[in-house]
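The letters A, B and C name the chains in turn, as written, and every chain counts its residues from 1.
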């Protein structure tokens, strides 16, 4: 038995007769060392994996193709286009990080290079107005070349050094495009390559053989077709010799090298491939935004794309598409406080239901929570009326109910800040306590969570709160499932 | 040669370099022991600057502190170092320890998560506005002037304070029992634990010391440059890590020298190179690449023989 | 065999996509018609409001929110037909760039009840949202974007309006003062590397250079607040440093660090972004320019009654919402209207100087700039706040 209690795979019947020397045998085993799925999600995922390939693709592509017919253009833009852009970016990044195991923190810079490069070829900046069928290949080639140049030092760099170097590269890119209008290039003299802080405005729409893709729907379907191609391509490459070699590289570069796998060339290949996909996406995004602006290719988007990839699970292609849907639409839904409250309380309830067993304990905690709230409210009402002088945001029935249960100080300011710090400290300390004490303290802690949510987080929902939740999610996810939501766990081999 | 410019640049480079060195020490010590790139370190530094501000205002504010001005400064350092130390230990306990045997990318992502979390928590509870240390009112705006050399009190304090902290750290690591344990854990964690060293405790102590140094650097930043804000940790952390890499990651004297090298390089680049202030970060980046390509193990690091 | 399956799948998917795409190409016509489709005005009219309510520029955005809400409150008190603001947070300056503004613009564009938009705040945001708003037929009135070419390049004519004078006006005011009143010969200009600041710095640099002033230009990232090595580069015999920056604390820190390096005697000049008593507190060597305000306006007096601090950055946003509300009222005279009619009504706005807190009448020229504003106010610090000097 392996450490986490999953049974080892049964040996194949002809194990003894199989040849022990083979090029890819070790690599082939990598997949076999994955843990089996468990629980409800496991059952669903296994069912999903047994589906034929065609059905699996259709499961994603058909709803995506129908989506624009069901809703208005604004929603297609906000939910659809951004989901597809995120998904495409994450798929490219997944080759670098998920397949080859290289931590590339300058990835978004390639996205930016694509947008700027397309802007240079097709905008009033230099009065170039290239057709897309010429411009796009040039853009992809240039970004791939830059990817090659950035990747070259990676031959000498192990893990974290590469991370910091690419992170610096990403920052350097932002500084460069923000100020390139001040540079006097050798040989060329002064050329305003990027428009500096003003960016490149008025980028042409994609123009394939004279047909202009201008509306949201046209852009949406272009991206969808592109994703379909990338998905199939990734599937094929994942099954190929190169794909297996990448996985070997990710698992153990040293062992891979000893197997005479050309490690350096494969690293570069992954890097270049990722850069090319990002560049292509960037060119299309440039035409969607109709401008390449320096602030758009900064660390914020990088974090978003990493969140997509991690949620989906490293190396899992379908997981990433799902991750993109979640990461692009949840923050968009959270935009309005009317949606935010049901999502938040729903998530809390769901977590409790999934995590707390048996159900009697769950019921006790829920009942305790309700009772605790009323008790606190009553005490506060009697002793410190200032603490209940305010009222909940919104005017629906739920908000009215909350008014009798939750504390709403008139001017939460400092109280809420202190409560937030106490809450964070509480979450850190709680796991260190004894089990009984932990269960007892769980109730006030949850009440505190809701107090902070109602009085502090809800107000900042479109800004800091979304990112705080994202940060907390990353830490929690790494703690609970380092392989991501839809990735498979490894059976540890010691 | 314009000596006045040169002296000005040197003083500002040394000041910045001292800050970077203090930050780099935290990166380097943690990396030496855990082989973990602690992305959240820059944000611990930011929190330190804020704790210092709150301590100052808890002690009566910069205009008329309840205690003497110098005691107020001492109090700021004390609170910031203590607070950051505890924060560092908590981060390690909560975000890194459960992942010690996970694939190497997991703790990195977790560190990224902590960084986002800290930055936006600061935005949430401290607000987007900048906070003013108002050093002028606290300790006066006196500037020492020797010929062409101008030195302000906070600058002098930063350079000397950082020097003192680094000396103390060097003594601690080379002389004390815990320091000895830290060195042995850095060399081989498993062997150290077999020798009866409580590895978890040593790691906690390392995080405490590294984060406390970052907290001190945060307060120094506030005293020298006046304004603190919630995004100040990102770039500073990047530069601190650069310093650690240039000095040779894992090496304590390397981090100190690396910090000064980065600080001075940045300052001279701003002063002497074309468009220096605009492209400051690009020049530092170029320096980093150069060092990595020529001496991948840094100025003071030893080349590592890779083990499986 | 496997490759065959994949090829078949690919073909099938392409067919599905092509059919769907074909079906949806009829949708664009619906979109193009949005600007001219009839909307019932009802008793509550909606104005979209794009503002950086959170994010790094929140300190500016919150002021705009205060002023806009202040207008809505007073307007609704005295009118039967109410107006309502639909707020979209653009998170200006956040590391996510203009994506939030873009999504916000799309949300407003696809909401048929929105008749006009106040905002967005930043020049780059306007570049990003132009297509989204324009193709939906919406007009927008910005209370803070000053890049000159936004209105003059012709791509937004009839759609974009603004209630602040552009960089060209502010830059001219500043450079005229330096040239003709101060008569300085050695000037150092530092921008903070974003659109607002570089635009102003360019204007002033060109004017001073043309007059033979020795100008040195430098830039410093908005993310930076250690200016010591930059300051070391500024020659001690410089007469004035021009810093058209966006963030007041940065200007304040710069002034303090100038003092700390023994350069406290050099004059500083900021722009409307730095017009704040915190920047004035640096010392008596500080000048600033700001958009005109009518200090004796009753509107400002009553705003100050309900808001303790003297935050004026949002005042032009008040004017922007005022213009939108007035135009909508006019366009809605018959009970229903179109976005195109609202656009035309904004173009024809006539609000007399007595009803405007800017001290001048509000009417627009063909480009969408205020036809009545030709100059900025000049201020000098007395050590704690700015006093007008002409």
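Assume a residue touches a chain if its C-beta (ideal position, glycine included) is under 8 Å from a C-beta of that chain, and two chains touch if they have at least 3 such contacts.
Being a predicted model, the structure only gives us computed values, none of them experimental.
Looking at subunit B and subunit C, the chains in contact with each of them are A. Centrality by Cα centroid goes to chain A. Each chain gets a centre from the mean of its Cα atoms; for subunit B and subunit C, those two points are 38 Å apart. Averaged C-alpha coordinates give centres for subunit A and subunit C that are 32 Å from one another. Averaging C-alpha coordinates per chain places the centre of subunit A 30 Å away from that of subunit B. Contacts with at least two other chains are made by residues 54-55, 58, 193, 219, 221 of subunit C. Under the contact definition stated at the top, the residues of subunit A that touch 2 or more other chains are 175, 179, 182, 299, 303, 460, 463-464. Looking at subunit B, one finds that residues 234-235, 275, 278, 281 touch two or more other chains. For subunit B in complex with subunit C, the touching residues are 4-5, 8-9, 11-13, 15-16, 127-130, 132, 135-136, 141, 143, 145, 150, 152, 154-155, 221, 224-229, 231-232, 234-235, 266-267, 270-271, 275-278, 280-281.
Those residues of subunit A that touch subunit B in the shared complex are 97, 101, 103, 153, 156-161, 163-165, 167-169, 171-172, 175-176, 179, 182-183, 252, 254-255, 299, 303, 306, 310, 314, 417, 420-421, 424-425, 428, 431-432, 456-457, 460, 463-465, 467-468, 470-475, 478-479, 482, 490, 492. Against subunit A, the residues of subunit C that register as touching in their complex are 2-3, 5-6, 8-10, 12-14, 16-17, 20-21, 23-25, 27-28, 31, 53-55, 58, 89, 91, 93-100, 102-103, 106-107, 109-111, 123-124, 127-128, 130-132, 147, 155, 193-195, 197-199, 219, 221.
By the touch criterion given at the top, residues 52-54, 57-58, 61-62, 65-66, 68-69, 72-75, 77-78, 82, 175, 178-179, 182, 196-199, 201-202, 214-218, 221, 224-225, 228-229, 232, 235-236, 239, 289-291, 293, 295-301, 303-304, 332, 335, 460, 462-464 of subunit A touch subunit C in their complex.
Interface residues of subunit B facing subunit A in the complex, by the touch rule stated above, are 31, 35, 37, 90, 93-95, 98-99, 101-110, 112-121, 123-125, 234-235, 238, 241-242, 245, 275, 278-279, 281-282, 285, 288-289, 292-293, 296, 306, 308.
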